[in-house]
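Before I ask anything, let me first share the structure, which is written out below as structure tokens.
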Amino acid sequence: MSQALADRTARTGVPDDDIAVSGRDISVFYGEKQALFDVDIDIPRQQVTSLIGPSGCGKSTFLRCINRMNDTIPGCRVTGELFLDGEDINSPRIDVVQLRARVGMVFQKPNPFPKSIYDNVAYGPRIHGLVKNRGEADEIVERSLEKAGLLKEVKDRLQEPGTGLSGGQQQRLCIARALAVGPEVLLMDEPCSALDPIATARIEELIEELKANYTIIIVTHSMQQAARVSQKTAFFHLGQLVEAGLTERIFTSPEDERTQGYITGRFG
Amino acid sequence: MSQALADRTARTGVPDDDIAVSGRDISVFYGEKQALFDVDIDIPRQQVTSLIGPSGCGKSTFLRCINRMNDTIPGCRVTGELFLDGEDINSPRIDVVQLRARVGMVFQKPNPFPKSIYDNVAYGPRIHGLVKNRGEADEIVERSLEKAGLLKEVKDRLQEPGTGLSGGQQQRLCIARALAVGPEVLLMDEPCSALDPIATARIEELIEELKANYTIIIVTHSMQQAARVSQKTAFFHLGQLVEAGLTERIFTSPEDERTQGYITGRFG
Amino acid sequence: MPVSTLAIVLVLMALSAFYMGRRRATAAQANGGYRTSSRPHHHGLYLAIWVAIPAALVAAFWLLIQGYVIDSIVLADLPPAYADISPDRLNLLLQEIHSVAGGGIVGREVDDGLRLLAERYHDLSMIGDAARLVLVLGLAIGAFVFALRRISPRLQARERVEKVIMIFLIVASTISILTTVGIVLSLLFETMRFFDKVPITEFLFGLNWSPQTALRSDQVGSSGAFGAVPLFAGTLLITLIAMLVAVPIGLMSAVYMTEFASPRFRATVKPLLEILAGVPTVVYGFFAALTVGVFFRDLGDAIGLDIVSESALAAGVVMGVMIIPFVSSLSDDVINAVPQSLRDGSYGLGATRAETIRLVILPAALPGIVGAVMLAISRAIGETMIVVMAAGFAANLTANPLEAVTTVTVQIVGLLVGDQEFDSAKTLAAFALALVLFLVTLGLNVMALMFVRKYREKYD
Amino acid sequence: MTDQAINESGSESVRSSTVSDDAFRGRLKRRHAADRRFRLIGLGAILVALTMLGIILVSIVGKGYTAFVATEIMLTVDLDRSVIDPKGTGDPAVIGAASYGKLIRDAMMAAFPEVKERRKLRSLFGLVSGEASHEIRQYVLDNPDAIGTRQAFWFPADDNIDMLVKGHIDRKSAEGDRKVSNDEIAWVEQLEASGAVRTVFNSRFFSSGDSREPEIAGVWGAVVGSFFMLVVTLLLSFPIAVMTAVYLEEFAPKNRWTDLIEVNINNLAAVPSIVFGLLGLAVFLNVMHLPRSAPIVGGLTLALMTLPTIVIAARAALGAVPPSIRQAALGMGASPMQTVLHHVLPLAMPGILTGTILGMARALGETAPLLMIGMVAFIVDIPSGVMDPATALPVQIYLWADSPERAFVEKTSGAIMVLLGFLIFMNAIAVLLRKRFERRW
Amino acid sequence: AEARDQIRVVGSSTVFPFSTAVAETFGKTSGFKTPVVESTGSGGGLKLFCAGVGPEHPDITNASRRIKESEVELCAKNGVKEITEVKIGFDGIVFANSKATAEVDLSLKDIFLALAKEVPVDGKLVANPYKTWKDVNPALPATKIEVLGPPPTSGTRDAFVELAMEGGAKQIEMLADLRESDKKAFRAVAHSIREDGHYIEAGENDNLIVQKLEANPDAFGVFGYSFLDQNSDKIQGSAIGGVTPTFENIAGGDYKISRSMFFYVKKAHVGTIPGIKEFVGEFTSEDAFGEFGYLTDKGLIPLPEEERAKVRDEAVSMQSLTM
């Protein structure tokens, strides 16, 4: 680990403690099939990093490495090293529960629990003991729903099941649920894919706000969105990290021709 | 029915037989809650119609009326009349199975069957008897996957489960599955929400192609996409159809101020 | 043609009808290029149904009545030798006729009269069999021709076939109702006779059960008491103990198998546990009576508790062991069916496995788990042998699991297989017990249904 | 999150470095401990259940494995023509009617010439099973040429001798305390010394029907009876239960009537099995006049008993299939029936099969309802169809367990082992099927 | 209705072991099919037997007690008018305990006092206060009274109550007086067994009781003689009034607690169902129920010789039962 860390500054030119997440030689296999190939990446603290790339290129797979969600997929194997604040998250000393509390995630397919909207949001704070009583829980639920831009639509039906919401509402519910725990790093797998422009704008604002305190990694297919919200962008292709760097640079003068090809393709 | 039909030409200015789907006074209730209010709409044949509007406004709900998928939601009640090629689809003489074969649907949340990729696509043609033997099935599967832009990625793993695909791949699989049946009308509920620009472009091309023979209704949150692919656009708000018309007109000179507000909001 | 051959012929005819229907529809489709929602195999099924079902129904009906009809024809004009036979011997005469006609032996000389009757019976049977054959095959062929004519591109064969399937489904569902009606009817009359002898209030609210009534008329005996409360209390107590064993062990086993264990472990352990459900209850009975009961008694002796060896505890614990797989396997299946995305959602928030299971998975699987538990409770309430052997017949009204109690089922079995008399309150009590138990469990189930309705979480 | 933290960070932060602070760590420790406990409890639960299973199996096998071997005694029998066929007719009817018991008795007296006293002779003749004379008879009928020769035969020993040889009777206990006399022990020891006693695999146990003589009693009749019965049960209960479940869960309108059916089915599961026996008695015997003691009646009765179990399990399994699968299929233009047959039912199949396993296991092990329909009976002949009188394995066990003869103790356990073998075989098939259908989504 | 060529026997579980042994031998030697013998209990058997004539009804029923008048009436009502009764021997009911404990000698009075629900104390009937055998009779050990016996639903229990309990009650003066004055009241006392845990109503599985006695040396059990015979290495029968339950004592009538066993033949079926006569002949042959017959090996206590001859004659000639 120390060797790898030592190399880092040299390679990235970013001082160590500005790097929240850094991956070295990350490969992921689903059974026989390799989905990620030797990814080396550094993700700056308290900034927004976008992951872009064609469908099936491994963005979600990479995202799931960061909070070790890949552990839950049978037959999935991750090699290489991934550091969060300088700690190897795959080391046995790391507690995946704490890791996942620190690294929140919004999934690509909205997956609300078959519980009430309220309980969906209150779930995280409750299990982590962040709330002591009903009052605190109410507050945190309200605040999180508000941030995710859902409060207005659901405030008079908080006790109805989360599964009865529209697709976009479900997605915002999942965002609220992740925010309620107050993670340090937030992984968002296409958080706006089911959202209309207004809701999208709301989420982008939120991202802007959160950036002050959180490290955010967002998978998006909208290059405009990537350009709007992120400071850094990483481009994946066929399981490889082709190029990563400042968003501006990636969009204006990509080094790799695959990147070039992708971003100059028709817009999404 | 006849009265309603008679009214139509007058109202829309479009000759009858160019209208594929037309709705009159459609309201939808989920239990007590009303989700759609008296929607009157005409959807032209062999064109693309976009449904836009903020999340939760009832786009999916309306889409599900057209192939009567709302029948499957317990407690959901639809009133009003909906005509497909002049036939009332809610009439008892209509066979919903045949209706759904004629009106294909791609759902907002990808829902592949827990079967192999191949079987996912071949399922529709098989039950509708569109294929007689393995060879024909192979062909139709290949063609549909190709059209949905998925073939390249999955052609060497057709026998693996469809649930093991990435989010975007699953969505394209669902599109391929719907295409395989060769419906007359295709309902697409945010078909590109999980897709990258290239795949999106592929689907948009496909829509362009299909338009020649199919009537397509697409829910999208991307106004650019609506502008690119559709000839007509309908804007929903809080369960009401606020405005519908030629896409160009809607985007350039909306009549209703809610539409105005929505399309001049920040872009998605 | 014997019945089995006829059945096989019908099946073969249905099969060929299926193929023909399919062929014809395929051909029509190739020519006409039509499109309906019916596939060629639907047409095949349509044809097969027409061929098989009416014919099978008629055959079954014929079979049912042929015997009676022929018997009554044969008996209608008896030869003079049998003219004055008493009605209750007719039955025996028939037996003899059947025996002789079938070439079997009879324990007496076969006289002419009998032989004549037997021949007549034989002839009539042959005629009946032939007529049945002709009718059934004729019907099958007729239906085939009729249905084949109707096969056309326009025919909505799938709808018809599905309608027939639906009828089958509905008929199947009503079998449970018929079973219930059958049970109630087979209990009701005896129960009413019982309540003629013992007032219903005494039965329902009496605290003393002691069916020590005399069985013989020359035997006076004590009058006996028929207060069923101790039996129901005993049933409740033992069921409760059984559930205290089975639900935690079963549920935790299911949870461990689905959420913690490797698939290999699960694949081995689950069937192993299922063996527990199939060990004959007699074996459990011996186990409870001789091993567990004695073990608890000795344990009690060691710590200064007075535990009888027929304690409710022993019977309940062993019964609990028996029904573990009802809880574990069924819960395992429904837990396994909870979509992975829900687990992901919870893990992604930093929940531990235990939290995910308790707060997300179990609630989502609740209706199925309640179903499993209800099934286990049902099994416990209805179980007999274990309790007969391990807990015995002592009707104590107590909530103390260390004492002996008895259950409703024990008494039912005791009363029914013991020395019985057709109209003594003692024998009739079994029917009353069964009926009341039936009603009590009905109440329990209504409550369970309402519970599930209330707490159901529908995922997806 | 402490109150202070909230105040400090204000509304700005759900943000909580709180997930890294000490309080959080402390809680985390406890949560992990709880998690480990939970896991251990799970493992413990399985271990408890398996231990119970182990204890039961061990006690059965420990008592019963000796049922699979039988003691045999060798006797040299003179197939005396003057006894078997004095006139030399060669007519099987004559040969069959001869007194083979006498041949055995003669052989015994020849082996122990010193025994003369009438009473002692009686017990000497009792060393070999009464079956010996039937065996000789069969042998002579099959080999008429052997008449007049002397041949050595292995005969099954009497049950008490069998118990003695297997060590279930203590040779050292006082004579009055055991079923074998000192003389008998001496004779057996003499035979043992000359190698005329052996224990062999008890094939008769697996091939013959019931008998009142433990040494020749077998389970085959009961196995066949159980088989016929379960075939009837399975053929009826499985399809009917699945159809019922499908109708109720997928098609039936949700109204009072279907609620009634649902409650009713659940309630049927709680009906004591003996009451199903009463029902079977009333309906199948008294109304439909099917024969008593026949597997078809047993099968029908058990089918009614098994039905609710499978229905309940199947409904739970169908209900657990996510709605999105149904939506997908319906959206493709599959009819509701096709949706169910193609997608929902296969996905629910593991649960349905579990219910079937449990229900059939119960049907296989059930005695009480069979009491009422005449299957608790002594039946020697092996049934050849569902209409023949038959008994079933659990009934055989029940009857043997209640027989006075000591030798039936091991037979009882042996029969239990056979039943468990039957059960495991039956379950194995279902488990394999179930595995094929199992998947997570 | 199918033709039947196989005898069907139903009835008492006590007679079952003997009836089946006869059936097996009959099947092997007679050329007829082996009869099907069903264990339904005496009452259940008679109920089936009396349900009517015809192939669907049994031909013979076993009983461990005599048929009751009401049952004969029921039979007659259903057309079963002629019945032949055959008495086959005795069944001793023993009072036994584990060999690990000392043998005891009980009087019927001791048994009554130990097991009755109410016993006379100082001229009044009170709920049975005795806890140990010593309380009942100072000569007995001071162990807790614990008796495993059949439940009230069993025929064995009826016989035990009638022979042992009632016999014991008669030996108590006060109850003997009561018997003179009010027979009914006397019987109510004599026939009621205590229900406070000292008498444990075990099932009808006698093997189970034997094994429970082994596990619990202080307990006594009430069951049939054959089980004592087969388990003489583990359990011992208590002497009743100085007489031990041995084969000879029961056969000779010295041992008081024993009852007769019967079977009943439906005469109407003789001649129609093949083999009934022969079966009855086999059952009543000296080889079967005689002193050295195979049934005695199975635990049957044979009738005295003259009675056997009489029974045989009446059986073979199918003499009708008259009550």
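We call the chains A, B, C, D and E, going by the order they appear; numbering starts again at 1 in every chain.
One rule holds in what follows: contacts are C-beta pairs under 8 Å (C-beta built on N, C-alpha and C of every residue); 3 or more make two chains touch, one makes a residue touch a chain.
Just so we're on the same page, UniProt names per chain: A, B = Phosphate import ATP-binding protein PstB; C = Phosphate transport system permease protein; D = Phosphate transport system permease protein PstA.
Note that the structure is a prediction, hence the values are computed from the model and not measured.
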* To get from chain A to chain E along touching chains, fewest steps? -> 2
* Asked: Which chain has its C-alpha centroid at the greatest distance from the C-alpha centroid of chain C?
  -> A
* Asked: Which two chains are joined by the greatest number of C-beta pairs in contact?
  -> C-D
* Geometric centre: closest chain by C-alpha means -> C
* For chain C and chain E, let me know how many angstrom lie between their CA-based centres, rounded off. => 35
* Asked: If you average the Cα atoms of chain C and of chain D to get two centres, how far apart are those centres in Å?
  -> 19
* Roughly how far is chain B from chain E, going centre to centre by Cα mean, in whole Å? -> 83
* In whole angstrom, how far does the Cα centroid of chain A sit from the Cα centroid of chain D? -> 57
* To do: Specify, in ascending order, the residues of chain C that touch 2 or more different other chains.
  => 37, 158, 286, 339-340, 350, 352, 355, 416-417, 458-460
* Asked: So which bits of chain D are touching at least two other chains?
  -> 19, 31-32, 35, 323-324, 333, 335, 347, 371, 401, 441
* Shared interface positions of chain B, touching two or more other chains -> 97-98, 101, 109, 127-128
* Structure fact -> Chain pairs satisfying touch are A-B, A-C, A-D, B-C, B-D, C-D, C-E, D-E
* Residues of chain B that touch chain C when the two form their complex -> 95, 97-98, 101, 127-129, 132
* Asked: In the complex formed with chain D, which residues of chain E make contact?
  -> 1-2, 6, 8, 10, 13, 16-17, 19-21, 23-24, 27-28, 33-34, 36-40, 56, 99, 204-208, 224, 226-227, 229-233, 292, 294, 298-299
* Structure fact -> In their shared complex, chain A is touched by residues of chain B numbered 30, 52-57, 60-61, 108-110, 153, 157, 164-169, 172, 189-190, 192-201, 204, 221-225, 262, 265-268
* Asked: Hey, which residues of chain D end up touching chain E in the complex?
  -> 122, 130, 134, 169-170, 173, 176-179, 211-213, 285, 289, 291-293, 371, 374, 376-381, 387, 389, 399, 401-406, 409
* Report the residues of chain A in contact with chain D in the complex, numbered from low to high. => 95, 97-98, 101-102, 125, 127-131, 136, 140, 143-144, 147, 179-184, 210, 213-214
